[in-house]
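You will see subunit A twice below: alongside subunit B first, and alongside subunit C after that.
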Partner chain A sequence: MTGLRNDDLRAAALFALAFALLLVSSRFAQGARLWDQALAILALSSFVVIVAFGQHFVVLLGGLDLAVASVMTLGGILIFGWAQASPSALLWAVPAVLLITALIGALSGAGVSLVRIPPFIMTLAMGIIIASAVLGITQGVPHGAASPVLSALFTASWLGVPRVIVLTIALTALGTLVERRTVLGRRIYAIGANREAAHLAGLPVNTVTVLCYAISGAASGLAGILMVGYASGATLELGQSYLLPSIAAVIVGGTSIAGGRGTLLGVAGGAVLLTTLSATISALAIAEGWRIVIYGFVILAALLLLRGELYGSIRARITHTRNLERNPA
Partner chain B sequence: MTAPAAAAQGSASLAIAGLTKYYGATVALRDVSLEVRSGEIHALLGENGAGKSTLVKILNGIVVPDAGTILVGGAPFRAASPAAAQRAGVATAFQELSLLPNLSVATNLMLPRLVKGFAGLASPAANERAARAILREFGAAEIDPNATAGELSLGERQRIEIVRALSREPRLLLLDEPTAALADPAWLFAAIRRLAAGGTAVLYITHRLAEVRALCARATILRNGANVGTVDLASTGDAEIFRMIAGGSLAGRANGALPAHRAASAPALEARGLSGTSLSEIGFTLHRGEILGVAALEGQGQRELFAILGGSARAAGGTVTANGDELRHATPAAALRDGIGVLPEERKTEAIFPGLRTSANISLPILARLRRFGLIDSSRERRTVDAEATAVDLPPRYLGMDVTALSGGNQQKALVARVLLSGARTLVLYDPTRGVDVATKQVIYEVVRRFVRDEGSVLLYSTELAELVELADRCLVMYRGRIVAEVAGDALSETHLIALATGHAVNGETPREEAPPPAPRRAFAWNGTAVAFAIYLVLLAFFAAREPHALSAAAVNDLFDNALPLALAAAGGALVVLTRNFDLSVAGVVALTNVLMATALPDGPRGALLGLLLASAVGLGVGAVNGVLVAFAGLQSVASTLATMTICSGAALLILDAPGGTVPSAIGDLITGNAAGYVPAAALVALAVALGWIALRRTDWGVGLYAVGADEYAASLAGIDARRTKMLAFCLAGVLYGWAGYALSGVTTTGDPNAGNVYLILTYAAIAVGGVSFRGGRGGVIGAMIGAATLSLLQKVLFSAGVVSFYTGIAQGVAMIVAVLIGTLSERAPSRRAR
Partner chain C sequence: MTDPVRLRRALRTTARWSFFALALFALVLLRGGAGGSAIAQTPHKFKIYLSLSVSGNAWLSEAANSVKALAATPPYDKQVEIHEVISGLDPQKQISDYESMIDSGADAIISMPVSTTALNRTIKRGCDKGVMFMMFELTVLEPCAYNVSTLTSGFGENSAQALVNELHGKGTVFVVRLIPGFIADKRHYAGAMSVFKKYPGIHTIEFYGNASDETVQVETSKMLAAHPNPDGVWSTAGESGVIKALLATGRQRLVPVTGESSNGFRLALANPEYQRRGLRGVSSGGTPATAAYAFKLMMEMLTKQRTNVPHYVEYPLPWVPANAVKLCSGDRFANGCNAFPRTRVQDSFFDEIFSPAILPELSLRAASEGKPTPGMRIHKLTNPIVPAPNEPGITCDRCTPPPNLYHLTKVKPTV
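After this line comes the complex of A and B, so read on.
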């Protein structure tokens, strides 16, 4: 949080970079207006932004959520089966899906904080359990219908902006408010920065941890709901390709993988940039493999670029721990 | 008393001149010069924080001095690591003990180089013999060399630590408080004298003057990082030495006797009969408006006492009451609710929140009170924090800065402001002025005095006795886990405190040696590999009972074929997990090798051979990149191997964008056994098991892997190169992933760019089920391979039991979590103790 301004600059730079990339790639796309292209990219980004929203809060705590893809699929499958074409069913189905996905996240959080299972293992296992359950429930073929209300999020607009973009911006604003202006937000940063100190200072470390994983679960569930609207259907692979971008967006957005640093705005910037990159690669009709390879290099580059910051702080912490632990002098 | 003749004749074996070390603005050593002759036992004395430990660290290559020269045996000493220091002839018995808790006594004694036997492989029998001989030589024959170090009592561990240093026959021997946990040091003294007679220079660090007089002829005294004199012990009295240690000729205290009203005021906190792992029968009363000091040398139980009062540790017995209510707080949060505020010992690791502004660091405990409409009212926060910052003399311009940008002194002021803001009426302060400048000390003193004037109560531990004399109304002295004295008034002087704290005044009844607390041994030795194997056998029996032909040669061969790729991947993953890291690249490497096998190879046996080389090379390359990123660039392993995994997966898609291609049939014949009956897969498994076992259990690297995984710092103190060890682990893991891809290709006979996807989850599930601990240093490659076999058998069992195959993922995920849970619970007790 120190350099709130630094973080905001980074976020702005990421958005600018995404726009620059769009300008370049728009030269290859015939006919489409730049504004429409930008809106299309933003709408497409919403999935990564929302999944990364949850991932961000978990990583901020020093954790990781590898279950996001399966939970996103679950969210999509459930809303697909429950809400169908009835707009009124959405009124109960959406909260129900968010609650279920939040509970799944909370379970991961409990495993991580109460039983001290490494986040990597806990969420990896949770991911396969959920994926397997979804497979079993649907017997491999999801049944249901896409709600027109959800589809309208992408086709209809408010004030000329597709509804989903408004929704995503509102969510990002809410998340930013939470992390900057609420007690919960402060506690998340504090716990991520120094878990031991947070415990000794009397902060409810376990509760906040469970809550953050629950947020991640609900965010993935929401992304799944939106995906049903976007694709007007649900498949068992609905969330599959969102795990990697969610982590990449968090890393590129400047959230320290060791916890305690980073902002949601930066992550949103990272998500938009990565989506633009993806879309550009698709537009250039380059092989799918390249997109993935580039993703890998982007993550690696971001890790190495941010290393000065992260590495410095981690190393300082470790050496100090060591020095002080071993030598009370 | 010593061998003065040898000392007089000996040349300088350790010569230090002008040694200086700063930690930020704090001076740890200031222009220290010191000489220890060959054959001399030289005492190094000083209070906690006088600079002794820094000197030990410099001589072990852990800390690099800012200035000064060191000669060891006449040669310039520039060790940059403990391993280099050992090569230069320095051996150290560390005060904090550097044994690896998960390794045997014999291994600990021999690290970093085990005794080799047949074919250059480490021989456990020879190691055990050598260790037994060493233990016998140093009078510790009753310690079993095969015992696991972490399960020994503290006293036994300290003996091993010392024996290890002694057995190196060093040119320079450093002993840092070697008798702290020893019941009877006679054997140690005899051994030290024998080594010294052989020409070893010994630097003996202790607080116990009696030992110094028994062993040494000369002593050097450090105070505040400076050498205040090297004295001839024969001609220097105890009082003089205490004065040199404590500084000046401090008579009494400045602030007079205890004001009458305080003694009469109500108790704020009462402890009765408190006991714990390092405490017994602690009882005291802290009054309102009183500062109660605690004086103790390092490691006398004060840390545990303060942890219990602050809610971060539980007492084994006894009570703490406040205002007549018994406090049973189990967490710091609960302690705070009971009105007890803590200033933790370690500023960096336990108190500050790096990355947060100083103001946010201060306001944390009271944020809930600063809310308006659910949001933090920042102007109110600023006002509150400003006021408190003023009270502790912290200039407001620091409040907006990242707390890590502040000096230690200003950080400490911020932390004091935080604990004052929390509203606690009883403060438990553990060494509140450690590493802060003089001006800050005065501010903290003033704040503490003001706090008690307002009827607050303070329990204060300080490593600086002068501080206790200055501040405390009364002072408790702790020695070996007990309160041995309470002093107040004129008796509260530094010289008196240090005498009491070193156990001198209680010598009349000869300091009661505590019987070493019995090491809490586990009810059964948890062997993850054995348990994994037992589970496998049960599963196999179940399977055999249902499927009549389950144990036919063809079926068994089939089991091997199915398990082989995953077993290889899990073996590789286990190597990395043993170092306490994760490696996601397994999925990428398996996919990449699989598509390469299906597209790049000529047919025939030549293809099989080329394929194996190619798979090994790809794996090695990726593993090397991972190793560099994690071991040398210091990146977090999950994130960096995620990147390499992604790159490999993408590359696999580029080579083959949809399932297809043909794997040379020779690879399939080799793996599935068509080449020579049913032998190959089983033979390959046996070969892999044997190689893995040898690499881990019979080489220095393998043993080093366990050491690094358990405690990287202790491993490096033992002379192990942690980075090289980790690098090699990632490289070998990569090769094994390559082989896994090769074996998979042989089984499937076709290429699939997505073939690796399931390997991430399956590999880690196999590692978990195989009893490898994700906390590092426990388990083995064989366990992981059995875990892999179990998972692949589980699939068959579930199928034969009629469970829809959709649900196998649930079984795998649950098995993974349950396995980790069981492992965590089984190692919880020992790992706590190992700290």
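After this line comes the complex of A and C, so read on.
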């Protein structure tokens, strides 16, 4: 439980850091309202949060999903072609897209767990296959139309908050519930911590692995669907820029790359921090190259400052001080 | 002793068989000759490789589709055997692909190169083996290659001046750049900054959009969160994303935007409501039509219809101000139209793939699917071929650029 508390502290620190950055950004921005800025950044963060949602479950197992960008593009292209302008078509098209992308993820998971192909190779190959198939089928130019219902997720709001933010919060809450309060969640942590031990303990290692990759596929598909709503269109580059940010958000969020440790809340915090950081650095009127340098340094500093050991040492120091106060001798 | 009768009979038989063998040989020779002439009469098909760098981008997809459509249009359909290869953004991969194409007996390679210098040695080897290299939009510095491009036609400086004119010489301008390291990004940016720097009242904030509508939209939204009140946007490819990001903020006041030729951008420029809210601008930029034009030029050289082609050819700069946007009712530019209804093409579709004077063979079908326009035949190029000026790093290596390198050709300064 101590580990979980550390991870929660880390998530809180990430959100606090993002808020502090936002305050700095609003000082630079002329005429920007803090609330509007926060909503804009949260809406933009939603894509990274959702892709990182799936990536998190795979990394928790000690794996990696390099197919997220291609699967996200596929999800966008499919919904663009199937749903078009018809709201009723979304009723079958969205579940169909999620099912297909989940199946692609499951296939990667099966390759990793049953055929023992390293996750890096399996998902890279899957990503290339999907990207090439999409290119071959569309000839580079996807046909379809963006559904107004999907676009409304970004323009319409509930109590002044864009619907996509509410959706992202709900998804994060659901994921947190799954990883903390369900048998599946416990099994994911157990397998990630020690795969062999989990196997010997009789846990369904292969089934859970396939399921986690399926979740990653479906999450990428969902991000693709949302991107079509945001951009009111689809291109074959739709998911291109979300692979590295999804991994970065997972790592900054505190999920161990070796597996078995980390929380979805931390990942959401990591995604929001990275997006806020990117927007804040944009406020600095300096050349793009230097912006990226600053971006890299800030991420490095955040990783160093937010190491789990830091919380452990702070807690140990506090406990030590209290003990000294109680027993001065 | 040998019997003379037998000997005579043997000689006669040998002579008879020898005559028969000679006759048979002559017949075979004759048949072979006839066969040879039949082969000679079969039209020679040029083995042509279409070598692309990235894939999936609307610009390059249209470029590739237009070349494939032209290759399937009579009479090229009988003259060309085309193979498409996608090399990615790694110069080593494109070098390796070029090497394979040369060794497989290519007659010509039409390509969008990923580097102006890294491919030179391989291109020279190909030229020495008789392979023709034709580059479109991005150039190489190997002198034996041919290049067709808009790079030198002044998109950056002309569009920047148009924006400055709209802003009366002052204001904050978002500068949306292309892809880091791309020669096109460097040239367009240098041209634009040559204008912006003349006006102390203009403040620029730059970022990269990676030539993708979605990335440009996301990055512009981030920039708007930090700088909510820009006075104008100068954009390379991805300008549709700029418009969507501006609209997504829910603001009433729009600002002048200049960009390339995506259909969504042109529709926005022509939208009376957006115009009332302050959207002005011009649609210009690099065009995928350079690929189709380069292909036709290459075919005319291969079929000996044209000689003395300059190695660096400048493609005319498209220039469509907001008040000149006109919707097409058909499947190509006609009667001065230059944009399509949203029901026909996506926002990211580059309208300037069409040129009634240079590429009348192309239609929406050709640009979107790579299939020939029904009933169409190839038209010979009749437009004057404009040699590109000296530009270090684009058309020459260590050359002196003209003193008026960034001179304005489409717009005059009004401030």
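The criterion applied here is as follows: the second predicted complex is superposed on the first by the 281 of 329 C-alpha atoms of A that agree within 3 Å, B and C clash if a C-alpha of one lies under 4 Å from a C-alpha of the other, contacts with A are read in each partner's own complex, and residues count from 1 in each chain.
Everything that follows uses one rule, which is that contacts are C-beta pairs under 8 Å (C-beta built on N, C-alpha and C of every residue); 3 or more make two chains touch, one makes a residue touch a chain.
Only a predicted model underlies this, so the values are computations on that prediction, with no experimental measurement involved.
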_After the superposition on A, what does A:L64 contact: first (subunit B), second (subunit C), both or neither?_
first
*asked:* Going by the contact rule set out at the top, does A:A131 touch subunit B (first), subunit C (second), both, or neither?
replied: both
*Once the shared chain is lined up, is A:L277 touching subunit B (first), subunit C (second), both, or neither of them?*
neither
*If you stack the two complexes on chain A, which partner ends up touching A:D36: first (subunit B), second (subunit C), both, or neither?*
second
_subunit B versus subunit C as contact partner of A:L236, first or second or both or neither_ = second
*Of the two partner chains, subunit B (first) and subunit C (second), which one does A:E288 touch, if any: first, second, both, or neither?*
both
*Of the two partners subunit B and subunit C, indicate the one touching more residues belonging to subunit A.*
B
*Tell me which partner A:Q139 touches in the superposition: subunit B (first), subunit C (second), both or neither.*
both
*asked:* Going by the contact rule set out at the top, does A:V48 touch subunit B (first), subunit C (second), both, or neither?
replied: neither
*State whether A:L222 touches subunit B only (first), subunit C only (second), both chains, or neither.*
neither
*Which residues would you name on subunit A as touching subunit B in one complex and subunit C in the other?*
131, 135, 139-140, 287-288, 291
*What residues on subunit A touch subunit C, complex-wise?*
25, 28-32, 36-37, 40-41, 43-44, 47, 131, 134-135, 139-143, 154-155, 227, 230-238, 240-241, 275, 278-280, 282-283, 285, 287-288, 291
*Within the complex, which stretch of subunit C touches subunit A?*
55-58, 60-62, 64-65, 177, 180, 203, 205-208, 210, 212-215, 217-219, 221-229, 240-241, 244, 248-250, 264, 346-349, 367-370
*Given the complex with subunit B, which residues does subunit A contribute to the contact?*
1-3, 64, 111, 115-118, 120-122, 124-129, 131-133, 135-136, 139-140, 177, 181-183, 186-187, 189-190, 193-194, 196-204, 244, 247, 251, 256-258, 260-261, 287-297, 299-300, 303-304, 307, 311, 313-317, 320-329
*Complex contact set, residues of subunit B against subunit A*: 23, 28, 48-54, 57, 63, 94, 96, 298, 310, 312, 331-333, 335-336, 342, 344-357, 360, 364-365, 367-368, 371, 374-376, 378, 401-402, 404-405, 418, 422, 431, 434, 463, 582, 629, 633-636, 638-640, 642-655, 657, 713, 753, 760-761, 764-765, 768, 774, 804, 806-810, 812-814, 816-817, 820-821, 824
